[in-house]
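Okay, so chain A shows up in both of these, paired with chain B first and chain C after.
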Partner chain A sequence: MPDSLRRTWALSRKEFYQIVRDPSSILVAFVLPLILIFIFGYGLNLDTARMRIGLVVLDQSTEASRLASAFAGSPFIDLVPLDRASDAARAITAGAVRGFVVIQSDFSARLKRGDTAAVQVVTDGSDPNMAAFVSAYVQGVWAHWLDVRDAELGLPAQAGIAIEPRFWYNPAAISRFFLVPGSIVLIMTVIGALLTSLVVAREWERGTMEALLSTPITRREFLLSKLIPYYLLGMASMSVCWIASVTLLGMPFRGSLWALWGVTTLYLAVALGGGLLVSSVLRNQFNAAQAALNIAFLPAVMLSGFVFEISSMPAPVRAVTYLFPARYFVSSMQTLFLAGNVPRILLVNCLYLFAAAAVLIGATAYFTKRRLD
Partner chain B sequence: MDAVAIRLESLVRRFGDVTALEGITADFARGRITGLVGPDGAGKTTLLRLIAGLLAPSGGQLRVEGLDPTVEGDALRVRVGYMPQKFGLYEDLSVQENLNLYADLRGVLGPAREQRLARLLDFTDLTRFTSRRAGDLSGGMKQKLGLACALLGEPNVLLLDEPSVGVDPISRRELWRIVRELAAGGMTVLWSTSYLDEAELCDRVLLLQDGQLRFAGPPGELTARLEGRVVQIRAGGSHRKLLQRALRIPGVIDGVIQGQAIRLVLRDRISVPELSSLAADAGAHVLSVKPRFEDAFIDLLGGGPGGESSIARLMPQVAPGPFDEAVIRASELSKRFGNFVAADQISFAVRRGEVFGLLGPNGAGKSTTFKMLCGLLTPSAGRAAVLGIDLKSSASRARQQLGYMAQKFSLYGNLSVAQNLDFFSGVYGLKGRARTTKIAEMVAAFDLQRYLPDSSETLPLGFKQRLALACAIMHEPAVLFLDEPTSGVDPVTRREFWTHINGVVEKGVTVMVTTHFMDEAEYCDRLALVYRGQVIAAGTPDALKSQVANERQPEPSMEDAFIELVHRHDREAAHA
Partner chain C sequence: MLHRLLTLIRKELLAQLRDPRSRRLLIMPILLQLLVFPFAATMEVKNNVLAVHNLDSGSASTELLQRFAQTRAFPQMVFLNSDAQVRTAVDEQQAMLVLQIPSDFSRNLATGGPAQLQAIIDGRRSNAAQVAFGYVQTIVDGFAAERGGRIPSRLEARNWFNPNLDSKWFLLPSLVAVITTLGCLIVTAMSVAREREQGTFEQLLVSPLTPAVIMVGKAVPALLIAVVQASIILSAAVFAYRIPFQGVVALLYLAIVMYGLALVGIGLLISSVSATQQQAFLGVFGFVMPAILLSGFISPIENMPEPLRSATWINPVRHFLVIARGLYLKGFDAQLVWTNAWPLLVIALLTLSLAYVFFKRRTQ
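And then the complex of A and B:
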């Protein structure tokens, strides 16, 4: 065996021993993924169930009562009949309803005249997300009611189009299906960046670096011996995540495993490069972990599109998301799980990840000094 | 082959504005052991790192085995074995795994590998411990493992940075035996040390001070300069007081307590009349004795710190109080950690103005007892009181009265020296002008001025200890707890510490100290020998020594007494 290969192997083996003997790395690589997957898979759910909405009917006409029963019949709404608008205001303040609908007294009269009929929708703006749902549901019921009424009266459909939404790739619009690929990204970030941010700094802090530097090892051997074990750990963890997602959570996986392997390899290279870079520059475990948390982990949570939709962010923030590799990995993972091998998306993502990995590992090599000063 | 293995020519190394090495010119002969001695911060570690190619010189020439470490590092590293000061091996790997790693890194392969590993294990007596994790080894075994790893590549040059710090006397002797054999085989050895009895064992010595080479040559040459200038006074009574008086005599530049006598170094080879009268007062004579390297070392550095403590001058006299007979009292103190009994019914009382020492091997329960007495650990049973204040019920009131210096450096490493002083003065409630004055006094007394802006983590060990002591006494405590205050510090700083301790005791401060230096035990008024959680003997140093005196050993040293008392206890325990 050539010298260089033997030294790399010897150092990698040492790193493996340290990983295996340190319960925290095993926890992070194998237990944390399962916990996260179950939290995102079962615990956290962004789908909305039935909502309590108040209804105040001030018009005694049949038209109004038919609209009221349309609301009552909606599968998304738990209707709370109320007598006066002031009662409704109290109910919303008390949190008893998420919003309320008032059918004004001139409702049927205006409808007959062909005017814009007055239906007031009040929502609880303290939770804007919920408020948007309330307004959308109410509008949906209203639109449907109008269609049915027009059909009964023999009138042509208003716009001539009936909208029937269909969600491709995730027909039931189950939030778990896009949260789980995102949570795998989080796990890879933790293993790649947080664990490795500690490893070089640890050698400096414990004084083992000084002894290592006095042996014939080269910079490349040293870096490889840090990259290889953590890459393998990351891959092992990815396998656990994949198996758990597909078997336990019933996630679809429409891409190929080869593509998954390729993208994961690239992302791990980015994350490992980042972790090792902060570790080599800061040479202090605490500082390095803090830095990795801020430049890798938090962006992976907030700016990757994993939970928070990138397209709904303000333009400057949206521009910033392009800087963080996690974004590209989230998009690749969601594509692979839900859509399949889409070369146009995957190739662009891979290209970026490759460039980022090259820059970060190159910088780490630059900052890895063969001397103490 | 060239007889010179390492050649330094006007070697300079600077760190920012600080010059760590200032134009060192020296040659190191092949197959010799060269001792690198000097006080802390003298530049010993920097020099070794330069030779190992771990640092680049700022100026001058350096050739190791004919190679330039900066340019030909790869070729050099194969020929140099380096053992850093800090244990550089992996504590979570076993002895065998560490050895395998270094064998692979250094390219020790094939049949030679097994043979060499077996030989080194045998050499270092670690064969029985190959499967033990390095972190679980004792200090001495760790150092031997470090040495074995540095030796794996069969280097031509061996660099050892303070290999014997924290190593028990028996392991130290073994390390020397190993290194001697290696040098006899043609290896060039550089051994940096702050133990001066070790310097005497080297073939040649390089003495550094403040980055400058003060002496290069055989240790005997330096020692010979002091012929006729070293004397002993053998007397009974308090050696500490006698020493303090002797050190005040002009013409006496250094002094230590040595067994039943005090040992003094004189400035000139003439007799000092004050000394003779001092001896006469004590009913003894002044005897001329053979100089040691330590005497010469202190002489070269301009003498010891003298008998006056700059700190003691600043401390107020502690007024007598109702607890003078038992300023510190331990009553049947016990501490259990799970099933392990760390301290077992320990009782003693320390009088006001007394230096009380806790002596014992590592893990004997010294630190546990110590921590219970200053309120850092709650006893499982028994009572600990300082100045009559029970530490269990009112620890914080007691702590205002006591100063504590921890064994490990426990100041804030990231804060500068000035910030640490500022912080601790605030913690102890010093305010306004009093605070500024106190800090200025401490800076002056401990010579900390030039280090004020540096982060305290980067200070040389001796200065760390000084800073720690400064922080412990800023609030002028009546009781001082010092846990291994002189572990690893150089002889000049050790003397300085004891001068301060002796000085503050004169002011009525009560001092409790733990130490593993047997000669330091002689400075204590009374001692308690702690072994396996129990006090197995207590009394004055002389009383302890006389307990073990017999015909074969009429005048045992403190070390002899210590070993004998421990053995006796073991024998009794075996009988019981």
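And then the complex of A and C:
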């Protein structure tokens, strides 16, 4: 046993030196996380923001100009005054505005008859998300304008139903609060799966694997010597991410650090297992990297619930998301950062991650054995 | 000279495509992604559970809830009876939104007073939940307007370029940009790095080939792969997803080549500072992730704070995304393509000359 421990220690140390000496692993583990956290914290914004909307006023009446100034006064709209409808068409095609409003020449006349069709709203559907915002903003200005007009005309105010939204865990509904936990998942995926997918493949490519085979090292020692150093690297990177999110971005963290440690350990085991598996099967760095990219990284972006809501996907795609471990990690991270230790969510996720880790590391051991014999 | 160049290109293509596994890895993932991602990348909200905590025994709340039962966003409704159940439902994500109807809801509506509802929203999924809240609001507004007997004051918006606001129409043209970016950069950067790692790059440099020829030899296969990958995605968009292509196909291919040149320049530049394939791959990654995030694919450029917004000018993905979407959905004319494409040429020129300087230095 001491012999085995010594060999594992020696190999781990060698791997560790390789990590530390290679600027690319430092880049991925410490610089990229900070860049991503900066981008997610300050660059990306899925929340409502000011939007450029064109306005064409073809009616000379005072009511039309009042509506125009209501649009100009909206804090959500950057109004771009345009002369003709054809200008508006050009602007929306070129992407200079996200939508436009035309107040037709018969606006005031039709309004007297209670007809609203004389206000034309057009959005740029090539970005559906933004188009929905444009509709909502214009609708908001219009509804408010109608209320003000009713009041001035002395009509009774409409007995409306107000809905008060309460965002639990994220009262101001800030998108970075749920994007940052997801971006940490991406970083762990890069370190766990992409970095390690290259490592064993390189040993095969360069022939150092053959050299290792001629030594008394066992399969378990070999796997441990690859898993331990990259696990430590992942944990160090997680610490950097956590500290940066909590201190620089002011993210809440409502769960316990033990739970964070546990679930990260499980996810790293899954990602490392996956990375090692593709590299020992493919034995070629280019192919291994491509494979890791496609089976680990892209699903972590698209199918994890990080940006795109899983429950809105069609049933077959929803079924596919269960296969990718990133989904469980994203859910755990969002819950730990924003909601706290919710036992049911965390336990279910951990169970899935544990099973995935066991399968992947087991398969890696199996393939390594076949090659070693 | 031309003969040498052709031989070199052939050798590069062989190196890239000889191995059936690498061939498959360049095509298969794209097909799978085309099958799954357009359905996954939806900003719509549907199939969700609406939980209702109804303290009102009047008829108005029953009428309101019947309206919810008919929507696509919430095909399933769950009724909760206590605050504790509400907490559990939100904590454990059994429902995205809980609608709370206070006990005086029907009474207030009947007397013409202001009625109040509460929506409890899971802030962990605030984007989707906000969209869902928008749906709830629309339904409630419609209900209120009808009861008030007033003409509904809605303005119907028309959506140009994508009448039903289908997110697939947005995603597929964007995928042309995203997928070719990864493919083209990885192929370029890794092929130089592999040669350097294996020592064959030195042999190339001492051959009679000039650095410019070596660069062309690396650029052409990467460009070809980008064009093939883009064609697969375009065909899928047009023939499988039936999204009408509005522009001129030739213009799109011209733009793809210009974009490919900018990517090759960046790929060569990354490989020039990498000694190993690992460094090249991770270098590509360190570039691609921020570049795609800051391209307007996930969140619009105009929402970014100022220094960052201007900095995205050097990001080729940003320019190509506008062209791809513009040509595909909006039928950009040559003028509009050029307005967005010339920065790509500037980026290509800059990165390729820098890479040239580097290759030149190594031959001396």
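Everything that follows uses one rule, which is that the second predicted complex is superposed on the first by the 259 of 373 C-alpha atoms of A that agree within 3 Å, B and C clash if a C-alpha of one lies under 4 Å from a C-alpha of the other, contacts with A are read in each partner's own complex, and residues count from 1 in each chain.
Please note the rule applied: a contact is a pair of C-beta atoms (placed from the backbone, for glycine too) under 8 Å apart; a residue touches a chain by one contact, two chains touch by 3 or more.
Owing to the predicted nature of the structure, the values given are computational and were not obtained by experimental measurement.
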Which partner chains sit in contact with A:S69 here, chain B, chain C, both or neither? Use first/second/both/neither. neither
Chain A residues touched - chain C or chain B, whichever exceeds: C
Looking at A:Y17 after the superposition, I want to know if it touches chain B, chain C, both of them or none. Which is it: first, second, both, neither? first
Look at A:N294 in the shared chain and tell me whether it touches chain B only, chain C only, both, or neither; answer first, second, both or neither. second
For A:A211, using the defined touch cut-off, is the partner it touches chain B, chain C, both, or neither? Pick first, second, both or neither. first
Just checking: does A:R6 make contact with chain B only, chain C only, both, or neither of them? Give me first, second, both or neither. first
Determine where on chain A the residues touched by chain B overlap those touched by chain C, and list them. 22
Please give the residue numbers of chain B that touch chain A in the complex, ascending. 49, 52-56, 73-74, 77-78, 80-93, 97, 100-102, 104-107, 109, 146, 149-150, 153
Which of the residues in chain A come into contact with chain B in the complex? 3, 6-7, 9-11, 13-14, 17-18, 21-22, 206-208, 210-218, 370-373
Please give the residue numbers of chain A that touch chain C in the complex, ascending. 22-25, 27-28, 31-32, 35-36, 39-40, 42-46, 49-52, 92-95, 99, 114, 116, 119-132, 134-136, 138-139, 142-143, 146, 158-171, 173-175, 177-178, 186, 190, 194-195, 198-199, 202, 282, 284-287, 289-291, 293-294, 298, 302-303, 305, 307-309, 311-314, 316-317, 320-321, 331, 334-335, 338-339, 342, 344-345
In their complex, what parts of chain C are in touch with chain A? 19, 21-22, 25-26, 29, 32-33, 36-37, 39-48, 90-93, 96, 109, 112-131, 133-134, 136-137, 140-141, 143-145, 147-148, 150-151, 153-167, 169-170, 182, 186, 190, 194, 274, 276-279, 281-283, 285-286, 289-290, 293-294, 298-300, 302-305, 308, 322, 325-326, 329-332, 336, 339
